[in-house]
Amino acid sequence: MKRYFGRKLAIYLVTFFLAVTIDWIIPRFMPGNPVQILVARAGLKAESAKLIYSHYMQAFGLDVPIWKQYLNFWSALLHGDFGTSLWLFPQPVIKIILRALPYDIFLLLPAILLSWFAGNKFGAFAARSKRLDNTVLPLGYILTATPYMWLGILLAWAFGIVFRIFPFSGAYSYAMMPQLTWAFIWSLLEHWFLPFASLFMVMFGGWAIGMRNMIIYELESDYAHYLEALGAPRKLIRKYAFRNAILPQITGLALQLGVIVAGALVTEIVFNYPGIGYLILQAIQNHDFFLLQGCFLFVIIGVLMANFAIDVTYVLVDPRTRAGMEGKN
Amino acid sequence: MSLRVENLTVTYRTLRGDVRALERATFGVGDGEIMGIAGESGCGKTTLGTSLTLLKPPMRFVEGRVTLDGEELPIWDTEAMNASRFRKVSIIPQYAMNAMNPTRKIGKMISELLRAKKADQKTGLRELRRRLELVELAENVLTMYPFELSGGMKQRMVMVLSTLLNPSLLIADEITSALDVSTQKAVAEMLVGFRDHKIVKSIIVITHDISILYQIADSILIMYAGQLAEKAATDVIIGAPRHPYTKLLISSLPKVGVKYSEQRLAGIPGSPPLLLDPPQGCRFRERCPVAFDRCPEVPPFVEVEKGHFIACWKEPVTHA
Amino acid sequence: MTETKKKNEFLYFALRNNKLRIGMSVVLLFVVLAIVGPWVTNYLPRQFVAPGTQPPSSEFWFGTTTFGEDVFTQFVYGLQATFIVGLLGGGLGTLIGILVGFIAGYRGGLLDEVLNMMTNIVLVVPSLVVLLIIAAYLEVRGLLLESVFIGCFAWPWAARAIRAQTFSLRSRSFVDLARLSGMKPLRIVFTEIAPNMMSYLLLVFILQFGGAILTAATLDFIGLGPTKGISLGLMMHNAVQWGALILGMWWWFIPPGLAITAIVGALYITNVGLDEVFNPKLREM
Amino acid sequence: MWWNKKKFALFTMLTLLVVVGLVGVLAQAQTFARNETLYTGGKQWGPASNWNPLMTGNYATGTLGLCYETLFLYDPLTDQFIPWLAESGKWMSPTRYELKMRPGLTWSDGTPLTAADVVFTFNLGKTATLNFSSLWDWLESVTQVGNYVDFTFTEPLYQEWANYLYTVPILPEHIWSSRTPIEVATGANDKPVGSGAYLYYGYDQSKMVWVRNDNWWAIKALGYSVAPKYIVDLVNTSNENSLGLVLQGSEDLNNNYLPGISTLIQGGYGLSTYFPGPPYHLPANTAWLDINLQKKPLDDLAFRKALACAIDVNDIVTRDYGNMVEVANPTGLLSVWDKYVDQAVVDKLGLSYDPAQAKKFLTDAGYKDIDGDGFVEAPDGSKIALKIIVPNGWSDWMAAIQIISNGAQAVGINLEPSFPDFNGYLDARLNGTFDLAIDNQSQISNSPWSYYHFIFYDKLADIPSTQGGNYGRYNNQAAFDLVTQLDKVPVDDLAGMQAICSKLQTIQLTDLPIIPLWYNGAWAQMSNRYWTNWPSSAEGGDHYFPLTWSGYWNMTSILMLVNLEPAQ
């Protein structure tokens, strides 16, 4: 047990370390100077620009040797300091990200979990009859093959513009400031629905397919045959097959996380949903290296934590891994 | 006669056409009889076993009649058979090693199975404990997962499970092939034990290994290429076989206990016919040393002496 | 069964597998469109050829953009880009996957440990975000570069799967034989193991192909695709950029997305079909 | 059983999340009544992040103009200085400027706004690095004399000074005096205390909200009152979104470049622009072609002339912009500076689209196609392959340079469009590694000096850090001196200015360091659904700039608010 998790943790730590390093390296060794951009946007008089340029250079600690910058970067990180945003100067990156984070949780967790449960249930259901299978299978494949943004665009167009059922931009009405009132909560949900739906649908397809294939394999396995030979009702056999097929689906969830993040990113862009994905786009368009770094780190941390959570769940639900590990220590 | 099989013909559906794996099999198994079925791999013995328990696509039921204890088994109807499976007919499959759901505690699985079969839980589980002793398994295996058991333990566990509802017929398919010699013996004797304790009426033992049958079987049925060749009491088959194939089979055994299927039949030139479209008549005839012009007709499986059946035109009785 | 027999058998089932038939024909349809298209249209993708915002007509089959570019032209050129990325990105991804998988799976030991670690790391990192960051700092981005980057981050799962396969094949008798006959490990891998995994590798490649297309589309949509030329993702990007939804210019954003969905979906279905062909257990009788 | 546990966990999770989501954004309750709220958009490309009027171009919409104010307003359309916080100001001697403050001014916290605050503000430029710090190179002292402020100069730069009069925000001493120079220069200054017509209300990711200041000094002093109770400035998320908001009338004033607006104005969306027809918008700045004079063959005048004649700006205006912009005068001076254009010079030296002429320039200078690839080679036989760059994604400009390179290729110049990322574009320009680039960095102002100061920026070495302009590295001391001279001409000496401008134009048109192309518009789409009486070119209409961009409130946009009326 210990060994297993120790191993996993090691991997995650190394990953984190590398990620942070990459994250730090890229902006510094790529062309273009953030401060130039900041000054460029300020539209200053030439005479003053020169002074302000050097002022910013040290304000962002870009005037010290590279290796020192790297160390500073780490020590700052460990103090929860992600630097200052260029795009939203002079706000601290961490503040901007924390403001966006709730929206991501609010959007992603339900989308991921619900699609996972629903998809698995549905896939198992589909595996029952040939007819169902033939209708569901193509549908599922089409859904998984749909680019997140395209589905988003279609939904926004259909329900936001053509039928005008749902708003398709922002997290709540422009006419409101955040507040604990039913009107506001309703507005939140209204704006939440379309992005949620497009994420949900694409993922749903994937899980349904996955489960369907898994079940088919399971129903072909020996224990299934044996139960049949003992005249066990299909219900029981399916139950077992489903339980066993779920396990790989849990690992699948871990493997999918990266893709899901990407999906969330573009979905937020399509719907101007103020999560981290949307921040990333803004950071890119406004060349806010520091914000971009911050977002990337948050995504990494999120993904790593999710992975670890999944590892734990897996161990909890699959007796084999558990026993295997007890054997180890 | 507890089991009666008449003209049972079963084929395998493939895109290339039907494989005639079992041809008009007719035989019986008496109360308390342990009958072995032997033959080269692909001779149809497993097909016979499965068609008696779980006959489903790609297997196809062509014709025939199976009665057990006087009443007919609807083996052609996968659903209707469910009632009889486990209760009347049960099987210990070849793959006993991984016949149990890997992610379920064994005890839990069994009770779930019993509940699903609407069998009485209490007595069922009490019986289960008793039988575990019988096969020398500690009771705590019920709280274990299959992968925590050794091969032999799994094997025995499956034996207990398959016979839990006292089926009148038990089919044991290659149960020993996966085990080492010492356990083989033990497992084989347990089979006999089942019979002696009246847990099961009669047993069909399908195997490669005639030596096992020599130990436990009352009678042996020899099959070749989907057809029945010869059936007789064990000592007769070993001592005085009459069907040319049986003769070659037995003689080609250097000594009892060798699984002949591993070596090509030294004495017999050629190899078994493909069953996609088998030759007319006796399927052994190309390889048969004594084949003659009558052989292209299918020889009937007739009783030449009490309890001794043979399908061969060389037998005087068949001429009559 | 002998090799040739097997091959015939695969062909035999392949021709009778509906999933395979449908999938392949859809993909081929678009391939043909991508090849023929540029000859059919007499404009360039970024050329201003007409008054803007024209709905589909006999002259402009897919209408025109706000700036009066011909959508059909962009579409067919975009298809080309899509297939190129799929081929290069997917190919590279598969290649790396194969190398890592084979080496890790065959050599085992420390090398395996290291490669495994590597795989897990790249697996965990949300590749798209890394791609974004890299792309964000490149002044000029080309199709080739994009494909390479995509390939460099797509391989891990392939490597994992192939490693597992190699592992199981390694212990097979014919491999032992080769080893005993003193064959060099690399040769064993490529003469003994690889051929026995061809079908599997093909499946991997197809999935990588589809994956690369989706990733590229995402990058392009965010506006970090090639700074030159056109692609389906970029078309959607522009459509959204310039208010195609509000202005109801459906002809601008429907075709590109539809094409991607169709191609990738078809690839997946082809994949299932092939799986059934190679894997008798799944064949329908 | 983990199954059901998980299900349960999921739902508790969800409920929990809703709460978290709310707590994460918790604040006071309120919705804005539509009929008393003005929705604007187009300046802010991200949530408001600072309210420091000294951080030019970076502060939240209206920080300077709605909240903080300047001494004067400047009206480019009439070239008038409108007294604002100052009641009047005049040059008492060539080196002494006297300012008379308006009586009865107050800050939004009630403290009176006096000459002392003005003195304090200008002195800040000494201690902190601010946009007007360089003022102190030639300003000697600022002193308060009762209600007056005295500025004494070592060497007055009249043009620049006039510019400061309407660009320097006056800050409350009692709040800012306690701040460190760094804070002053780069502090966020949230909850700003100003003197203007609006007060800080709040902001979130999608908007900045100002609420009317009912004790605004101008109500009594000038009888002005601003109609909208709230001004909600929406963050630009995408053109898609802006366009949607404008067409649905949920955004009243939008200052984005929205392609195809010309068709939408007739589209019955109740939209209007400053001009009812082309060019629809007032000009805000000039887009010209930067030419890197350090590179061959661009250093050759003849080649540049050929280039100038090869560009069909009309085509860009009509096809790319749908007539939303106008062709620039060869001098590049905005129409508000017409009086400084020496037409004689322009007629004599000005070049316009003329492919034949372009070819002639080339052949005369010895450029001809040797290898028959359709493109000319340099006289020394070397191949010519040039790139023209604009930032990737700036679609209107991308379209423009395509048209430009088509034109160039038509006369045999091998010119390819290229769309580097904004970084690359900026970098290439600052470090002079580009061939050709579009540039429009010099905004409208009170004096053509600012324009010439930009295109003839003289500190070539400092360009990368100062971004002062002249990215083509044009080096001509004569021109530089003229610009400095121009700066020293008193604002009221029109003749003097014209004389120098004419010289500068002669140099510019003979040397062609840049090629002016078109005037970028002061993009403004106005919806009449909830608010009317927008600025317009109509007789008797308000001739103001309808812009929320930084630096325009104090160029009459604030007056637009004064005259706005709610629609019935």
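By written order: A, B, C and D. Residues from 1 in each chain.
Operating definition for what follows: a residue touches a chain if its C-beta (ideal position, glycine included) is under 8 Å from a C-beta of that chain, and two chains touch if they have at least 3 such contacts.
Computed from a prediction, not measured in an experiment: that's the story for all the values here.
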Comparison of A-C and A-D (more C-beta pairs in contact):
A-D
In terms of CA centres, which chain lies closest to the overall middle?
A
Rounded to the nearest whole Å, what is the centre-to-centre distance of chain B and chain C, using the mean of the C-alpha atoms as each centre?
51
List the centre-to-centre spacing of chain A and chain D in whole Å, with centres computed as mean CA coordinates.
39
Based only on mean CA positions, could you tell me how far chain A sits from chain C in angstrom?
22
Using mean C-alpha positions as chain centres, tell me how far chain A is from chain B in Å, no decimals.
56
Where in chain A do residues touch at least two different other chains?
31-32, 161, 285, 287
Going by residue number, chain D touches two or more other chains at 238, 244, 393, 421, 423-424, 427
Chain A residues touching chain C - in the complex, by the definition given at the top:
11-12, 14-15, 18-19, 22-23, 26-27, 30-32, 137-138, 141-142, 144-151, 153-154, 156-157, 160-161, 209, 213, 216-217, 220, 255, 257-259, 261-262, 265-266, 269-270, 280-281, 284-285, 287, 292, 295-296, 299-300, 303-304, 307
Once bound in the complex, which stretches of chain C touch chain A?
117, 120-121, 123-130, 132-134, 136-139, 157, 210, 214-215, 217-218, 221-224, 233, 236, 239-240, 245-246, 248, 250, 253-254, 256-258, 260-269, 272, 281-282
In their complex, what parts of chain D are in touch with chain A?
2, 7, 10, 13-14, 17-18, 20-32, 34, 37, 39, 45-47, 49-50, 55-58, 129-134, 137, 182, 185-188, 202, 204-207, 209, 232, 234, 237-238, 241, 244, 250, 393, 421-424, 426-427, 430, 441, 443, 453, 457, 459, 462, 464-469, 550-551
Counting only contacts in the complex, chain D reaches chain C at residues 238-240, 243-244, 247, 258-260, 263, 319-320, 322, 392-393, 395, 399, 402-403, 418-421, 423-424, 427
Chain C contacts chain D in the complex at 46-48, 52-53, 66-68, 136-141, 223, 227-228, 238, 240-247
